[in-house]
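Working notes, beginning with the structure itself.
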Amino acid sequence: MNWAQILFNSAVTGSLYLISAVALTLVYGLAKFPNFAHAEIMSLGGFIGFWVTEQLGAPLPVAFAAAFLVAGIVGYLSYRGIFKPLTDRGASLIHLMVASMALGFILRHTIGEIWGFSPLTLSIVWPAYDIGPLRVTLNWIILIITAVAVGIGLHFMLTRTRIGKAIRATASNPRLALSSGINTTRVLVITWFVSAGLAGVAGLFRGVETRLSPYLGWDILLPTFAVAMLGGIGSFYGAMAAALIIGLAENVGVVLLAEAGLSTEYRMAIPFIILIAVLIFRPQGLAKAFKGN
Amino acid sequence: ACGDDSTTNPTGTTSKPDVNLGAVMDLTGALSGIGSSLADGIRLAVKQANAAGGIDGARINLIVEDGKTDPTAGFEAVKKLGTVNGCKVIIGPMISGAVLASGEWAAQNKVLLISPSATSPAITNQAWRQYFIRTAPSDTLQGKAMAQLVIDAGYKNVAIVVQNTQYGVGIADTVTGLLAGKATVVSTVKYDPTKLDYLSDLQAVKSKNPDVVIHAGYEDDAVIIFKQAAQVGLDSAKWITSEGVKVDKTIADAQAAAFMAKVVTGTNPVAPAGLALAATYAAQYKAEYNRDPGTYNDTVYDATKLAIAAMQNVGTTDAAKISAEILRLGKNYAGVSGTITFDQYGDRTTATFEQWKVVQSGATYKYEQIKLINQ
Amino acid sequence: MAEPLLKVENLVKNYGGLCAVDGASLEVGRGRFVGLVGPNGCGKTTLLSSIYGLRPSDGGRVTFAGRHIEKMAPHQIFDLGMGNAFQFPRLFPKMTVLDNMIIAARNQPGDHLWNSLLRRGKWHQDEERLAIRAMQLLELLNLSHLTFAKAGEMSGGQQKLLEIGRSLMAEPELLLLDEPAAGVNPVLGRQIFAELDKLKREKDMSFLIIEHRLELLISYTDWVYVMDRGKIVLQGEPEKVINDPIFFEVYIGASAAGGAR
Amino acid sequence: MDPILIYGLNALVYIGIFAIVALSLNAEYGYTGLASFGKVAYFMIGAYSFALLVQAGVPWPLAMLLSAGIASLFGLLVSLPAIRLREDYLAIVTLTFGEILRIFIKAEDWLANGVWGMNIAPSFAAGNFSLGLLLNLALVAGILAACFFFMQLLANSPFGRIMRALREDEIAADAIGKNRIKYKAQVFMIGSAMAGLGGALFANFVGYISPESFLPIITFTIWMMVILGGPGSNIGVIVGAAAVQLFERGTIILKDYVDLPVDPTNLQNILFGLIIIVILMYRPSGLFKESKINTLGTRRAMRWLNPSSK
Amino acid sequence: MNDILTASGIVAGYGDVHIVNGVSLRLENGGNVAIIGPNGSGKSTLLKSLLGFARLFEGRIVFDSLDITGLSSDRTITMGLGYVPQTDNVFRNLTVQENLEMGAFVRRDGGIKSDIARMYQLFPELERRKKFYAGSLSGGERQMLAIARAMMANPRVLLLDEPLASLSHKAAEGILEKLRLINEQGTALITIEQDTRRILGFARRAYVLVGGRLALEGEAATILENEEARKRYLGLSG
């Protein structure tokens, strides 16, 4: 068994989940509901990247910028057009969840209408290096670096900057934030934009690594939730640890499953078995953050 | 009033009501690459039949539904055609999964399904077989061909990587059975064809160091399998894959195609060498649609022709009669896919396969025949 | 003297590193009206919550009607005959005021799925009785005009009143009340205490009440515990306690800004 | 029978089956506030139990009851760890449970034929297809009526009051003596049994099931029915079930008559999404408002307030 | 004109329901006004309507000679209105220290640090818990934090909804003393309170709200003496 490779792959898997989960928890922490449309915003990011590189012929960094921007704008619009009006009308957590699923449907099938449901692949061939027992491709390295940078950057923003604190205040008590003079709408707009933008980036990474399909995001939504919940919503150290744990569990899990003669499709169950165990014994996730009553 | 018996209109002078012929083809999904070309094959046959006077003077009205390369969608399409459009005969569904989903319903509702391409061995002796006929050879035959390639090359450590569907598992089971005692299966992976990320599965396979990987899948998942196999370095083994892979799309992706050119070979049902009918059909098809007919185009054409001929002979209302008539016709029937002889179930008794490989020509890749295998 | 109804011995409750209740002991006898006072943050609410099983204690014993209840969940403790009203009301905001009341009654046959569905006669009579009782309480609390309003659409004080009303519906043997008069208009506050007093006399009910309004404590309680920094530092009859220098030091305070602790 | 008529009756059977499942979600979500996003799992358990039992020779009416029982048992098993979770976590965990179960059935082919799926011999050996359809319709309608009646009784009883209380503040409910774990588990058992019954009817009607018949989209469809019809209203969710089914079918047939510029499935799903959002925004209580609990107590209180009337 | 805040003809409520029916009130520059009344008489609603949290059907609100009717609350706060809600008045998931920082969100001057230090001096129990999440505070501690938070904005008018509820005698007196201090330094106050005796001893003028209308208004001391009011609203009969 090539454990070095498995470890490295875990880091790759985990990095993707990290970006996606960190983006998810931004809105999760603030708007207080799991945004299921996060999945389709990821898919959208991937397709925008595809469109920019394959159909417009621009270089990949441009594609990433475009994915961030367009996904961000869609996130912004979804907040303005759907989630803000709903919240203003006093929608419950479950209503918001259902609305986000509905938005996911709209996005997924709009993407499907434009680009079709058959998977598309990006034509970029990434150089692969064999370092000792390790096989490493350039895109994997870029992914890991990006994930760590995003994680640290966001953590810094939330704890150190004015807007970051405003975000947390709004998350905690929007009404009171308003009566402290915080323009909560602006705070939410920024958060939605950044969250969706990052989702777009995560989606494009996923697209680069595998392929593009309107189901791209949905396929990694459940592990993303697992990471977010395991890490504790809104905790970045927690998220990083959780991403690594889930990445590891999946990669080791597949090997063990194959060894045991079980279907490797059980892989998706692994993060959740861990998650449920953790939630039952430690409902706040890995994070120390503790929520008062 | 679809599928009404035209004998109620004995004068024959006024135009008879149309006969609805259904088709469930996978226009979207993992087989979208061949689905629409198969639909064209049916259209060609129907067009020719209508030009020759239709069925007993009635025009054939073809209704194509999208099976989406998905068992449930395929089943829904069958139900829709059978009820809303009152079709007694449906060409399709294409994939084994959809056929297995629809069979029971078809039998209960007395609708005949004729599939050009559903190859799973599990279909062979289903209780509802009276209402299902296929013009593609069962994978017991293709599996034999694939196993033979392994044995001939003397591979000892075999990995099996198939999509976890009735089709993929059918091939996996057949091949595994045939290889028993001749080679060791070191790893079996059945993957979800809709998930499209197989890095860790392939990694697990790679760590077993197989000499050869047996693969069965459809074009969409195959592209990703090959692409990611390249990434994890599974070109350390040779690959033998199935007919669901051989379409243009798999070689449109540079990385997948490069990988295929390097280590992949596969099998595919074809018409026997030098069959004149096949050449004629290919020419007609090309003239009509300006492209070459691909895999299963010949079988879909034969399926449609047989269906129309049987309806002509026994009427258009009784699926059981139509079914029996097709079996009767299918004794040394000269089809464009070769001579068709059905066994008691409605499976072909013989078939020809080609072994293919991928070669690079300039910046692009194409398929090339290595040899023919008769089963 | 017989065993007291409620006996708390050396109760301890930590929040992380902070020891909110630090070995507190107290007793409430049957038919007694007991007060609990202390500076803000001294652990009163925590003590009550731990007794009631809302925040499991970390040490000590709680005996209620002869049974150890320190490991029990609130609903089990409720079933034994205790009741509780929260400092910050926790109502069922989308249910009507009436439903908020009726649901809180004890031992309803309809609580069981089986009875609710199939033995309807069993709970039907009960409902009539409960509705009448609920209406009587609502009138007492000045809430009867809101009988069919949603609980969440009431003012802060009204919610507080409903919280009290709900706890009374259960007719518990012992009722834990956390600042029942906070946010309640003084006129009404007095009426409520008078009613509690009546329940004590007529039905032999017992009360353990946290309250900052000293005048109410003085007029109604039989016994007062003073808590400071998680410990009971003083107890006695209200008049005595009020005049005790310890009480003066920890609760009234010499200098208001000092908050000497 | 006329194919169009057959199609219509067919649609009615589906409406009935899904209305039963929608009623079960209404018990869980509409009344009790449990975000059960794993509805399809119990539907699937019911269907597979039925298929396996019938295959083993159990007479179908008994098999149907047993399937409901088995689904209910699973509901209990899953709920025990799950209902201790926050509602958003519960949603995600139950959603995943559905997926894991599907993978399980797919992977463990010794149990229920894996990807091959199972054929279910028709229960009504009517010999005549139209008659079979009518019998199926009657069966589904009967069971739906029973489920509806059951839910109405439940909703307007003290138990219904407890369900709603749990939805709004379970800690407070616990503090007034309602064992929240017990009640939630009971609700999950009821809901799962009904969903299982729906699954059994489904299997019995279509005659073939495979893991692919139980994708998460089914859960979403059922949620739509409830959200559209009105959570907390039993009539509402049945109307919701009918509306969603008719809409689904409508868009499929539509393309035979109009030349749609977009793919009908895409159109259907995009419209689905839009309708949901519009409903949540402008009529969050659904087409039918949640009915107030109507018991003797309510009426007695009204008389108290207004002694002159009645 | 030396009124910093005037509200005239306020009709306010929730949804379509009118709760407050034509109430006018004014607050002098540096004034100190109390609002009392039975539960559910519309006091909180009145205050919320001034800030844009409850629905304002009719009426006009002028703050510092500017018409602020219908302005969103983050704007009014920036202009110098501070608010302590009756319930839910702290950021539970922020620490005590962060709560105070958020209170000063609208300020951009350099004095924030020293003001936080000043708050800690005023409320030593808060300093001891400055790294705690506000959600974990006791009822009284939370109340103190809420007031301190609102004071951090250096408002010119502070609206307080039952600041003394849940406070011990000592703490209540302490807070009143602090409020008196900032009032003397120029911050005008409107306080809703049920501890009527205490608040009437503190405020200069008072309004009695009953059933959404003004039942009485005048000098606090006079109302405290008013036999009718003592009996009906203050619970001080005799």
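In this document, chain identifiers A, B, C, D and E correspond to the written order of the chains, with residue numbering beginning at 1 in each.
In this section, a contact is a pair of C-beta atoms (placed from the backbone, for glycine too) under 8 Å apart; a residue touches a chain by one contact, two chains touch by 3 or more.
Just so it is clear, the structure is predicted and the values come from calculations on it, not from any experiment.
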item	value
Steps needed, at fewest, to go from chain D to chain E via touching chains	2
Mutual neighbours - chains that touch chain A and chain B alike	D
Required steps from chain B to chain C (each step between touching chains, minimum)	2
B-D or C-D - the one linked by more C-beta pairs in contact	C-D
Inter-centroid spacing, chain E versus chain B (mean Cα positions, whole Å)	77
CA centroid of chain A to CA centroid of chain D, Å	31
Rounded Å distance, chain A centre to chain C centre (Cα mean)	46
Intercentroid distance (Cα basis), chain E paired with chain A, Å	43
Junction residues of chain D - those touching two or more other chains	106-107, 263, 265
Of all residues in chain E, the ones touching two or more other chains	136-137
Two or more partner chains touched - positions in chain B	28, 68, 164, 190
Complete list of chain pairs which touch one another	A-B, A-D, A-E, B-D, C-D, C-E
Contact set on chain C toward chain E in their complex	15, 37-46, 87-88, 142, 146, 153-158, 160-161, 179, 182-190, 212-214, 251-253, 256-259, 261
Residues of chain B touching chain A in the complex	28-30, 32-33, 68, 164, 187-192, 194-197, 199-201, 203-205, 207, 220, 223-224, 227-228, 231-233, 249, 253-256, 258
Footprint of chain A on chain D - complex, ascending	29, 33, 35, 81-82, 84-89, 91-93, 95-96, 99-100, 103-104, 106-107, 220, 223, 227, 262-263, 265-267, 269-270, 272-274, 276-277, 280-281, 284
Partner chain D, residues of chain C touching it in the complex	52, 54, 73-76, 78-79, 84, 86, 90-96, 98-99, 102-104, 106, 108-113, 116-117, 120, 123-124, 127-128, 130-132, 134-135, 144, 147-148, 166, 170
Contact footprint of chain C on chain E as seen in their complex	14, 37-45, 86-87, 122-125, 136-141, 143-144, 161-162, 165-174, 177-178, 194-197, 232-236
